[in-house]
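Note that the chains are named A, B, C and D in the order they appear, and that numbering of residues resets to 1 at the start of each chain.
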C-alpha cells in the first residue's frame, strides 16, 4: 500500500504519511465490496445476538406489559448505552474537523457511520415512551405527595415529556444522518462510476450531481460546519433531557445538577472508545494499515485520557457535595447508587471507566501503539455499560407507583438483578448496533476519501538542515 | 495561520528586551500612581482591621461580601496562565508562542493578590497569619495537638492555591532560564551578575534545549490537573454549604472552572493588547493571535453558558421554597435582576456576538472592550452567586436582609486591581514578557507548502 | 476533667410556642448572663444586633384580621451541625453532652460557620464590645468577653452547667439548702435542675415556662415525652414511614436540612384560628 | 593528554552542520563536540547524537512520596485531636482525598523541576567556553580536543565557515 513509514530521526520513527490519492479510490471500492470471512462471521454473531434481543424484548413485553417502568430498567440501560455511543460518535468527527486536526482524517467516516445506528436508537426508544410515568400525579394530591413530580419540564408543555423526547431522539437521528450524507457525497460521487450493483444505484441517487466544483466544495464544507455546530448543541440538550427524564426525575428528591454533564462525558468517552476499537479492528484485520496511522491512535488516545480524567473529576464533584451535605435524601442517594445497593456495579464502573483506562493510557509508548488505545476503548465501553445499568436500573426501580410523587426517596430500595430476558435484551442491543454498523460498512466507504486526499495535500516530508521532519500545512 | 514577516535573532532580542533595557518616563509615573492607590487600599485595610469589621457593609445573614467575591474573581483570572500555556503547549498550537509567559506571570500575580483577600476578610488576621502562613513549619496550636481541620474547604483552599502558586512560579522560572541567559549576555555590572546567577550558567547546548522542551510539555501536563482542582475547591467553599440552598449544587466545580477560564483568557487577551500597545510589539502580538484567542473564547464562553443554564434550571428543578426564594431575588427583584441581566449580557451575549465577526475580533479596541466586559460580567457573576444566596438563606424571613458594600470595601477592591497592574508593569522591567527563544523557534520552524498556485503557511513538526 | 457521669448527659430544650407570649424576657436574661454588648440602635439598623436568643415575630393573615406569631430562636445545638466541620481551626465542635460549643480563643473569624448555619444564630463581633462605665460591674465573671472578630453563640449557659456540676457531682451539696446528696444521685438530673444549679438564663427567666430545659437521658425529666415523640418521628421518617403532621405538636426547625437539632418546638394550638378568607 | 575546548562561531546553521560533519569525518567522537544555539532547533537538526535522559522517573517518585506524606498528614491530623464535627466520622476519607491529591501533585511537580535542572546539568557554576554572540543567533560549535590538535581543529572550523573561533588561550583566527 502507498502508505510510507519513513525512517525519521529518533522519536518520530513511526511517523506516517497519508497514502497517495491515485490508488485509493479503487482500493477502497474493492474493500467495500469484499466480504472477507471474519466479517461474515462477525455479522452472523451480531445477527444472532440481535434475534436474541428481540426474543428477550417480546418476552418482557408479554410478561409485564408497558404499564410499569420497573421491569424495563435493563432495557432503559441498554437503550441509553446504544444511544450514548452512537449519538456521541459523530461528534468526534465534527469536533476534530472543527479543530482542523490533520490526524482526524481517517477517523471521521468511521465515526460518522455510527449515525446510521441512529435508526436503532429511534426504534428502541419508542417502547420507552410508553413506560415513562406521567408528570402529573394520577392519584389526587395525597398527604406528603406532589401534584406534579419533579421534571425538567416543570408543569410541562403538551405531551411532555413523552412526545418531546421522541421528537428529540428522532431529530437527533435525522441530523446525524444529514451530516453523514453531506460528508459522504464526494466519495459516493467518486465511486459511482466504479461501483456496481445496488451500490452504484445508491451512489448515483445520493451523490446528487456532484462534480466537485469550487462552489460545491465550499457549500459542502459550510454545511458540515453548520450542521456540526447544530448537532453538537442538540446532542448536549438531548443528553440533558434523557438523563433527566429517564434517570434523575425517576428518583424522587434527587437534585443533582452535574448529572447531565456526567452523562454527556460518559457518552463522549464511550464513543471515542468505540471508534478506537473499530479503527484497531480495521487496521489489524480489515487491511487498512495503509490508511490508519499510529499517529491517529496517539492523538486520539490523548483526548481519551483527558476525557477519562474529566469523568472521574465530575464524579468526585458529585460525590463530595452529597457526602458533605448530609441531607437525608443525599445520604440515601449515595447509599443507593454508590455505597450500598449498587456498590459492586459502581465499583466496576469506577474501575473500568477510570482506573483501568487511566493505568493503560498513562504510558506514552502504550498511547503510541495501536493496541493500547483500543484496549482502553474496550475497558471504557464496559465501564459505560456498568454506568448505565447502575443509573437506569436504579432509577427505574427507585420509587414504584405513587412513591414517585413523594418529595424525596425515603427508603433505600434493594438491588434488582437481571433475569434471562434482561440479559437477552442487553446483549441483543449491543448485537443490533454492531449488526447495523457492520452492514453500513458494506455500503459506504469506511475511510473518508476526500478528507484523506485533502490531508495528503497539506503535509509532506521536508529537510531542515540535517534532519527530516513532517511539514504540516495550516490553511487559514 | 502565520502572518507577519520573518524576524532574525538580533531583531527579536532588540525589540523584545526593550521593556527591560529602556526606561521610559511614563513607567515611573504609572508606578507612582498605582503605588499610591495600593497604599490607600492598604491603609484602609489597616483601618478596617484596627476598627473591626463594623466598617464594612457585612451583616448577620450576609457574612461574606466583596472580599470573597474578589478572591474568587482573582483566582479565576489566575486560571488563564496554565489554561493557555499548558493546553496550547500540549496541543502544539503555534499561536501560543507570544501568549504563554504573560499568561503565566499574570497567573502568579493574580494568585498572590487573591490570597490577600481571605486573609484580610478574617476577623482576626493576626491569628490567621499565624495559622495559615506558618502552616508548613508551626501548625496552629500544635502544642495542644490541634492541627488545621482538614474537613473544611477553607483548608482545602490554601492547599490547592499554594500548590498552584508554587508550581506556576517554578514553571515560569524554568521557562525563563534561556531568556535570563540572553539578558546575561546583554547586560553589564550588577544586573549582569544577577541574571548570570538566574541563568545558572546556561549555554544552550542540545541537551539543555531538549530538556527545556520536555519541561514545557511535562510540566504543562502536571499543572493542568492542579489548575482544574484549584477552582473546583474554591467552588466547594460554596458547594459544601448545605444551608445556603443556591450554593449547595453539585455542578459548581466545573461551572466555576469554566467561568474562570473564560475570564482568565479574556484577561490575558487584554494584557497582550496592552503590551502590544505600550511596547510596540506589533511583530509579535499579531492580529492572528488575538483572533485565535477570540475563537477559543467563543468555545469557552459557550461551555460556560451551558453550565450556567444547568445551574439555574436545576435551581428551579428542586421546587424547594427556600431555593425559589433565592432565585426570586436574583431574577425578579430590583436591583438584583438588573445586575443579573447586565452580568449575563456582558459575560456571554455581547462579547460572543463581537467575537463571531472576524473584522470585529481583529479590531483591537473592540476586542479589549469585549475582554473588559467579560471580566466585569464574571465579577458580577461571583457577586450574584454569593450575596443573594446569603441574603435569602433559609425561610426565616425575619432574618432576611441585603448587603451594601461600604467605601472601605470599594477602596480595597480597587486597590487589588491597581496592585496586579503595578506588579505586571514591574515584572516587565525585569523579565521579558514574551519568551524570546520560543519566538525564535517559531521563526525556524515556519515554512510553507506550495499547492498549485497558493502557498499555505506550514510548520515543521518534530513528532 | 471529664468525669464519668458527665458523659451521659444529652442536653435539650423544648420550646412551647403555645405558651410563648413574645415578652423578650429570655432575650434580656441572656444579654445579662452572657456579657453580651448593649445592642444600640445602629446595631439593629445594620442587622448586627447580638442576640444569642431572639424572638422572631411573624404576621399571620391579612390586615385587618391578622395575628402576631412569636418564635424564640436560639442555637439549635444540632447533632449534625453544618457549622462545625467547616471551621478550619476547630473553634467549634460538638461536645459529649450534645451541645455545640464555641471556643473563642481559637476563632479566627472566617465567618464560614455563620454562613453555613441555617438558623443564622451565630453572632459575629463586628466591633470591639463596649459597656458604659456604670455597667462594668454587672458583667458576669464566669463568662469571657469576646473581642472583635470572633464568632459567638448560645452556649446553653455552659458556665452554669459547670457550677452545677461542681456543686452536685463534686461537692455533693444541694446548692440552696446545702444538704448532702446521696452518692447515687450525684448527677445533674431533673431534681437538681433548678435555680442556682443548672438552668440556662433564658429558661430560668421565662415567665410562662415556654422554654423548658432537660437532660434527654433523664428518665424523670418533665419534657421526656416530647423528646421521645420527636425521636420516634425521626425514626419513622428514617424508615420511610409517614408522620401525620396534624396530630402531633412536636417538630424540629428545618427538619429537611437534616441537622437533627436538640431543640424541640411545640406547635401553637390556636383556639380561635383565622377564618381562611 | 589534557583536552582543551575550542569554540567556533557560525552565522548560519548549515555551516555549523557542515562543521559537525567535518569533525565527524576527522574522527572526533560525538561526545566531544556540541552545538550551542539560542533557540531549540528540532532534534537532530545538526545530525548530532541523541541525548539520553531519565527525566520521566522524577515525577513518579515525587508523586509516590507526596501521596504517602499526604495520607499520613491528613489522617494523623484528624486522629491527633478527635473532635466530633457535624456528625462526620473522625477519620473522614473524602476530605483526605482532596488534600492528599494536592500534596501528591505538588511533590510531583517539585521533583520534576529538580529533575529538569539536574538532568540539564545545571547549575553549571563555572561556565565552559562561551561567547555572547551565541544569543544573537550565531551557532557555536564547542569542541573538546587534545591540546596539540587545537590548531588543526581551528583550521577545520574556519574552513567550514566559522566567522570566528574562540580559545581559552586567547588565540583567535578572525
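In the analysis below, contacts are C-beta pairs under 8 Å (C-beta built on N, C-alpha and C of every residue); 3 or more make two chains touch, one makes a residue touch a chain.
All values derive from a computational prediction rather than experimental measurement.
Peer 1: By mean C-alpha position, what chain is farthest away from subunit A?
Peer 2: Ranked by distance of C-alpha centres from subunit A, the top chain is C.
Peer 1: Which chains touch each other through the most C-beta pairs?
Peer 2: Chain pair with the maximum contact count: B-D.
Peer 1: Closest chain to the protein CA centroid?
Peer 2: Per-chain C-alpha centroids compared to the overall one single out B.
Peer 1: Which integer distance in Å separates the CA centroid of subunit C from that of subunit D?
Peer 2: Each chain reduced to its C-alpha mean, subunit C and subunit D end up 66 Å apart.
Peer 1: Counting in whole Å, what is the centre-to-centre distance of subunit A and subunit B, each centre being its mean C-alpha position?
Peer 2: Here the centre of subunit B sits 35 Å away from the centre of subunit A.
Peer 1: Rounded to a whole Å, what is the gap between the Cα centroids of subunit B and subunit D?
Peer 2: Here subunit B and subunit D have centroids separated by 30 Å.
Peer 1: So what's the Cα centroid distance for subunit A and subunit D, whole Å?
Peer 2: From the centre of subunit A to the centre of subunit D is 44 Å.
Peer 1: Touching at least two other chains at once: which residues of subunit A meet that condition?
Peer 2: 11, 320, 324, 326-327, 464, 469
Peer 1: Multi-chain contacts in subunit C: which residues touch at least two other chains?
Peer 2: Those would be 80, 82, 85, 87, 90, 257-258.
Peer 1: Can you list every residue of subunit D that touches 2 or more other chains, as numbers and ranges?
Peer 2: Only 41-43, 46, 81, 85-88, 98 qualify.
Peer 1: If each protein chain is taken as a node and each touching pair as an edge, is the resulting graph a line, ring, star, complete or other?
Peer 2: complete
Peer 1: Quick check on the complex: what are the subunit D residues that touch subunit B?
Peer 2: Per the touch definition, subunit D meets subunit B at residues 34-43, 46, 48, 51, 53, 55-56, 59, 74, 77-78, 80-81, 85, 88, 92, 95-96, 98-99, 101-103, 105-106, 108-110, 112-113, 116-117, 119-128, 130, 132, 134-137, 140, 142.
Peer 1: Which of the residues in subunit A come into contact with subunit B in the complex?
Peer 2: 11-12, 15, 146, 150-152, 154, 236, 240, 255-261, 302, 309, 313-314, 317-318, 320-322, 324-327, 457-460, 462, 464, 469-476
Peer 1: Which positions of subunit D touch subunit C when the two form their complex?
Peer 2: My answer: residues 81, 83-88.
Peer 1: Give the list of subunit A residues in touch with subunit C in this complex.
Peer 2: Its residues touching subunit C are 143-144, 324, 326-328, 331, 410-411.
Peer 1: Where on subunit C is subunit D touching in the complex?
Peer 2: 78-85, 87, 90, 92-94, 260
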